[in-house]
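Take a look at the structures listed below.
In what follows, subunit A forms one complex with subunit B and a second complex with subunit C.
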Partner chain A sequence: MSVGTAVIRKDARAKVTGKARYTDDQSMAGMLVARYVRSPVAHGLVREIDTSAALALPGVEAVFTYEHVPTTLFATAGHPYSLDPDHRDVADRLLLTGHVRYQGDEVAIVVARDELTAKRAAALVRVEYDELPVCTTPEAALAHGAPAIHEGGNILERTELTFGPPVAEAMEAADLQLDGHYNTPVVLHCHLENHTAFAYMDDNDHIVIVSSTQIPHICRRIVGQALDMEWSRIRVIKPHIGGGFGNKQDVVLEPMVAFLTLQLGGVPVRITLDREECLVATRTRHSQQVTVRAGLKRDGTITGIEMDITSNTGAYASHGHSIPMAAGSKFRHLYPRTAIRFTATTHYANIPAAGAMRAYGSPQLFFGLECLLDDAARSLGVDPVELRLHNVARAGEITTPDGGTRYAVAIARCLEQGRDAIGWQRKKKELQNQDGPVRRGLGVAAFSYGSGTYPACVEIAGCRLVLNQDGSVHMQIGATEIGQGSDTALAQMAARTLGIDYDRIHVVSQQDTDVTPFDTGAYASRQTYVAAPAVHEAAERLRQKILAACSGLTGTPARELELAEGRIIRAGEPAEEIMSLGELALSEYYHKERGGQLVAEVSAKTVTNAPSFGCTFVDLAVDIELCQVTIHKIINVHDAGRIIHPLSAAGQVHGGMAMAIGMALFEELLIDPAGGRICNGNLLDYKVPTCTDIPELDCAFVEEPDPTSPYGNKSLGEPPIISPAPAIRNGILDATGVAINELPMTPKLLFREFRKAGLLPG
Partner chain B sequence: MFAMENYHRATDLNDAVRALAAHPEARVLAGGTDVLIRLREGDGAFAHLVDINGLDELRQIDMDTSGTIRIGALATCTRIIEHEIIRSHLPVIAASLATIGGPQIRNIATMGGNICNGAVSADSACALLILDTELVIQGPAGERTVPILGFHTGPGRTILRRDEILKYFLFRPGQYRGIGAAYCKYAMRSAMDIATIGCGAALRMEGDIITSLKLAFTVAAPTPVRCPRTEEAAAGRRLDEETLALLAGIVEDDVQPRTSWRAERDFRMHIIRTLVQRVTREAANQQGGN
Partner chain C sequence: MQQLPITLRINGRAYSMDVDVRTSLLELLRGLGFTSVKEGCGVGECGACTVLVDGVAVDSCLYLAVWADKRAIRTVEGECADGRLSPVQEAYIEEGAVQCGFCTPGLVMTTTSFLEQRENTPLTREEIARGHAGNLCRCTGYQTIIRAVQRAADKQRRSGRR
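This part shows the complex of A and B:
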């Protein structure tokens, strides 16, 4: 059966043979290229701008400045539209600005015949700024009298959530109260394919945009809003895409290319960011300060958790306050018997705008929570795995909003399996009483996540299945393949429900908002979970239509027919083929009087959100003198429901773990707090780990099918990135006794902390 | 696309030197892994290029009857690393070059470019310094041979004049025979990174007594440096923990690391002290190979 097996990915052959066409592989006659003029100052107002030298350069077609763009503010976050005006994203962007808010902000754009000319011309645009005071940190941005980065001040939003019994009482009932303060840095997505998009017009009324986006349908709506055009006049096409990790769950270049083609009479205009621009002038992961306070009983029972997060969204809101709020609403499932109070503040600052990035605030939150729990375990003398086993969600404990269905919960089994895989008990004994410059340690951390955004946002997906003349099926889905493998997983599902071979399903991978069924895109680890119902229902309907058609032809009642491996057989009797699907299809298409094209189309909303869980176990060594961490073994164990494609699933986990190790030990965008200068906005100085820095990565799945998905699956795209960083930190603590409460745990930071702890001479 | 203004592909060494002499802004283009990066960044100083990739004589790697090894300035890192002569006689050169960039970079980058670029972090510099390598340089007036010590004059600066080309590196048998040598690149990543600190050591021993130590650092001063005070203190001492601790104390007088946003002085100094001990030990372990 196709579900649960590692069939060959739909895009594998095209990608490895170089045939897959990405946005930049497409060219059009007369295409122009555009390049932004970016601000060298982090906060200021343009006093004067002179474009004459740029315009005089041969090959330059046009220069637009902030004075030429529409004055309607728009929001860029890749969320579905909300019917509730209070739930809409913050509209704080213009296409270009005269009030620059971070080093790299966009004041003008040059359009030229080739990239080199565009680059030269951009450098020729003379801009003078009146500089404003710069605030890059929460302390500076939230200080009394801080310069307002946007009208209305620097606080975007403050909220409070509570779950369970009152926290104050729960804290009182505790034997131990402990708190910790944790800092996480600005981290970058570093997807292989930089942001790129082009736009053109092929009539007078419509703009066509080809873009490397995770959210074609949302993109269409936002471009319409930004240019004040009817949404239906915008058409967004998404070819193959080289990764996004959330950085393309935002509308970045599309409104600008649409604006430019509109201004230039429909001529195709492309913007491709170079790597350095892509690193700092798109979106980043929010730097957060996480303060956690926990109350525990002597036996390790967590009675209450209070958490406060300050989230730095940078120059523009983008996903803004949704980041801490999403994480805040998802973590409670891990420890559901605990009273929780969660508060969060999101603020602006003069640093690159933060947006969505893999696991959307949860890595920051769980870094705080899972570090504090290890500190608590040490204080109580309780084994950290036992402490978690004691408190994590149990089977049947979490239900759908209506209370009608119990979600699958298998986190305890994940912890047990991970503990055995790492050899926890045995090694714990061996590693007692170490000294010397190199010491080993074991670490653990757990997490919970969601499988979509409901009830915060609408969850809608669409699937259209068409029976072809040859008996194969074309599948059109709103679900957006961004490399994560959704085309393959959804084809496996359709094949299974229809009763035909996986190879007989052709997925139309390229999305085109004029024809693709509606789905809001690839984010929130939702894609397979929320598309499954639409695929299931469409496949079921097409199957019934096929059987009904066959019944009409043969006179055999449909209920006595079955579709299996692409043949229509008598139910329960595989040997008795009534006709092949191809024969039936030809008749349906071409019989002069009877039949028709067999099509099934379903748009389905998902009103459940299965919690998914997992944990990381790590065995590492710390070279105290060299301030270096070496990971000997690291394993993620996931409770992601039924695994649709084992190899793809392992790939997701490996990728997420590698990114997490980057966040734990290497990556940090450094910004000088004095002037807002970005110190390391390039891949030499921003230390994304190379393959030689990543250890062997292990993963395992505890497969407990979730009843809310027709195929039993839950989320897996983002979750693998959540727990490795705190597990590594807890491993370092185990090895050295030093609690590092900041990321990334680079040699420079370890040096400082080891000195403070007296492990290195001061 | 690069904003190149002039490009001349030299036909022989004299042609190259003539072209450099005729165009004061012209720069040599070898593997281009430093030059093209600068050009891409819009550095106009690299827009006029004399390409020396046609000069096959500069790719030579050989050993003469006296045992002097010659490596042409244009030999790529990969070729040097894989060359039999280098593997058996100059393993520390191979080990150093193996830390440069990644395989793609090493396939095109040259050791000549690494040294002529003048970077204080150049990964071949420590090994060249501890082997007292000689450099053969061609200019309009002829050839001159200079020691590597003193070749670097400041960050990004060397004694090379605008119209001079580095031809060969020479390694004398008296320098490389009978030593144990090691290089450690301390960086934030294990590939594709510049050194936070680089340390090389070449050791001659008699029993467990050090007869001579040559010690070099990169990124520890405005140029790659040797450590005369530490070297002097090491001579005649037993190689043990006490000696290593002593050397770790003295080395502070031989280096002047600075604070930058990349790393604090304190941290660099701590790594320098640690590496003196570890790399000297490692050099001792390499004894007797060649």
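This part shows the complex of A and C:
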């Protein structure tokens, strides 16, 4: 059985031997390179722009400024198109702008024959600005009389959601009401491959874009909109991609390379951002202020939760308008018997644009919620694990929208398993009454998430299976492999349903919107869940076609035939091979009168969205004098349904945990509030964790197959990042009694808080 | 711009050419088709461009092509001989240390050099971590990379070969 085993990843060999070709590993004769001219000021209007010196430089082919680009505003967020005009993304971008909104905004672009010339030419474009007041924080951006960053003002979106009974009544029924205010920083994706794309025009005058994108089909549509071209005249090709984490779930370079090739008669033009550009001029994670109020009964029952979030989307909307809505809709599944009121305000500011990043607003939200619950547990004298066990979702409690099916829910078992793995009860006793300079603590936090975007967006996936002459099968899928292992997981599914070996499934890893079945791409932790029905159905259809063809050849009724390990056998008689798949395929392809190529293609929509759950347990030590946190043991336990590929699943968990540890302890993009200057926009000063910063990472799975997936699986790619940061914070609280309500919990912040608490001399 | 003649070996094969003195080893190698050598930052922060120069792991983005004159360069393309993966490459696959793969060639070369310099010496997690701290990876949390290094070391010890 290929599902559930750690088969060799489809792309592993190509990647360890250097054969895997990424966007930048491809070139074309005569390819030009383009480089942006970026604003050094965080807010202003271009007064004058002079491109003559740049144009005079030998090797420069063209310079375009904001005066030369289409005036149609477009949205960049990588969401599916919506039939409802009110649900479409916010169109607030032009290819280049004369109104710069953050340090790094794009006013012009030079195109040259080589990179060095492009760099020199970009530096020769002389731009003068009329500076405008800079707002980097919510306080400044939302202040009365603040300068408008966009025409409609600085508020991008207000969000309001309620679940369950009225919160006011629920709060009144509580024995304890507690408030907390939590801040999260701007965090960067730091995928190892920077954004890169090139475009050229083919002999039909279509624009072909090769890009490091998570969302080829969405990208095609947005480029069509930005350039006011028919979508079918845009073709997007996605080769291997060096990580995305949501930053490539946005259309960043593609409309520009398409515009440039269109302007330059179809010659190939490439834009590859350098690391410093990629860190600040693509997208970031939203910095949020999270205010939570909870009502609890003495026994730990959470009666009501009120949450208000202020989300800083920076210079452009990107995904900003939808992130609080998405996170606000997903957290209720964790505590479904609690009344919830959720509000959010998302605003513009003169800082880099925030967009989608792994778990899409949930890490910020759960940092607030799970910290407050630990504060509440302390106030009530209730064990924090017990408090969660008392309130989390129970089996059978959450159903599909039509009420017809109960989703799998195993969060309580995750909490119990994590508690045992960390040795919670024993250590809790051992760690009482510590008073030395180094103190141990235990922390816990839980989360819930979705397995896609339905019903907010359409969920559609496509799969095409072709039987080859040699009995192997080519598999084309719209779902994009971005390193997470989706090609492998989907091939495992197809192999299982078809009844052939995993090694006999060849995945066409590269998406090409001219030929790849439609799928909206890698985001929302959706792919294995949403593509599974399409893969299952296509495999089932191909299997039936194969058996029918064999029946036609042999006269044996199809119901008496079976496909097992790539051979057609008599049902239930593995020893009795009727024929091999290769023999059947050759006959189907080449018999002069009968048969044909055996192909199955399915496009399937998913109208369910299985909640997935999990928790983090951490055992850590705090050196109070050095203000240093050392993690001794950290474990994530996930309820992600059936695990398709154990090794890749663990890999997703490790990666998310490490990213969360970075967010918890080290990472923050620093921006000077006075002028909007970015202080650490490089990999030396922005503290992305190295090998020495990350402790041993542990993970476990409680496998409760979900009935809404043909393979029982739920989301896993994004969720692991959600709960480690609050668990670490709760561990520090347990160790020291000091509640740190801000990230990252650096020595500098701990020093301030420990002094405030009297642990260190003032 | 000034050109200088150099001769070097890349993955065991001899090359002679004139190079622009400004060219980095990274640019030279990629231009010759060794595209496993990835540029992640161009300034020695990420390690994605790690290659071995006379057995020593270097960031090829910070290493001028002219410095490679009369030296032997190894990239990950050369580690797979006659279709047989090196023990390090095998270990990366077996431990699931490959995800997006962009840091992988650089990391495989760092591990290769790391283990060649420590043949048959027991390795602690901390030593492995320190030895790989110059290579950033954002996918794995380094967990499987450390396991892969341990596994590759075991393989080498068992087989007694490099």
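FYI, the second predicted complex is superposed on the first by the 761 of 762 C-alpha atoms of A that agree within 3 Å, B and C clash if a C-alpha of one lies under 4 Å from a C-alpha of the other, contacts with A are read in each partner's own complex, and residues count from 1 in each chain.
The criterion applied here is as follows: a contact is a pair of C-beta atoms (placed from the backbone, for glycine too) under 8 Å apart; a residue touches a chain by one contact, two chains touch by 3 or more.
Just so it is clear, the structure is predicted and the values come from calculations on it, not from any experiment.
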item: Touching partner for A:L760 - first (subunit B), second (subunit C), both, neither; value: first
item: Touching partner for A:T690 - first (subunit B), second (subunit C), both, neither; value: both
item: Which of subunit B and subunit C A:A123 touches, first, second, both or neither; value: first
item: Chain touching more of subunit A, residue-wise (subunit B, subunit C); value: C
item: Partner chain(s) touched by A:D25 [first = subunit B, second = subunit C, both, neither]; value: second
item: Partner chain in contact with A:E625 - subunit B first, subunit C second, else both or neither; value: first
item: Touching partner for A:D672 - first (subunit B), second (subunit C), both, neither; value: first
item: Footprint overlap on subunit A, comparing subunit B with subunit C; value: 116, 684, 690-692
item: Subunit A-touching residues of subunit C, taken from the complex the two chains share; value: 22, 34-43, 45-46, 48, 75-77, 79-80, 85, 89, 92-93, 95-96, 98-105, 108, 125-126, 128-130, 132-146
item: Interfacial residue positions of subunit B with respect to subunit A in the complex; value: 1-3, 42, 102, 186, 188-194, 196, 261-264, 266-267, 270-271, 274, 278
item: Sites on subunit A touched by subunit B in the complex; value: 114-116, 119-120, 123, 625-627, 666, 670, 672, 679-680, 684-685, 687, 689-693, 746-748, 751, 760
item: Residues of subunit A defined as touching subunit C within the complex; value: 6, 8-9, 11-22, 24-25, 116, 189-194, 240-243, 245, 274-275, 482-485, 647-648, 650-651, 654-659, 661, 682-684, 688, 690-692, 694, 696-697
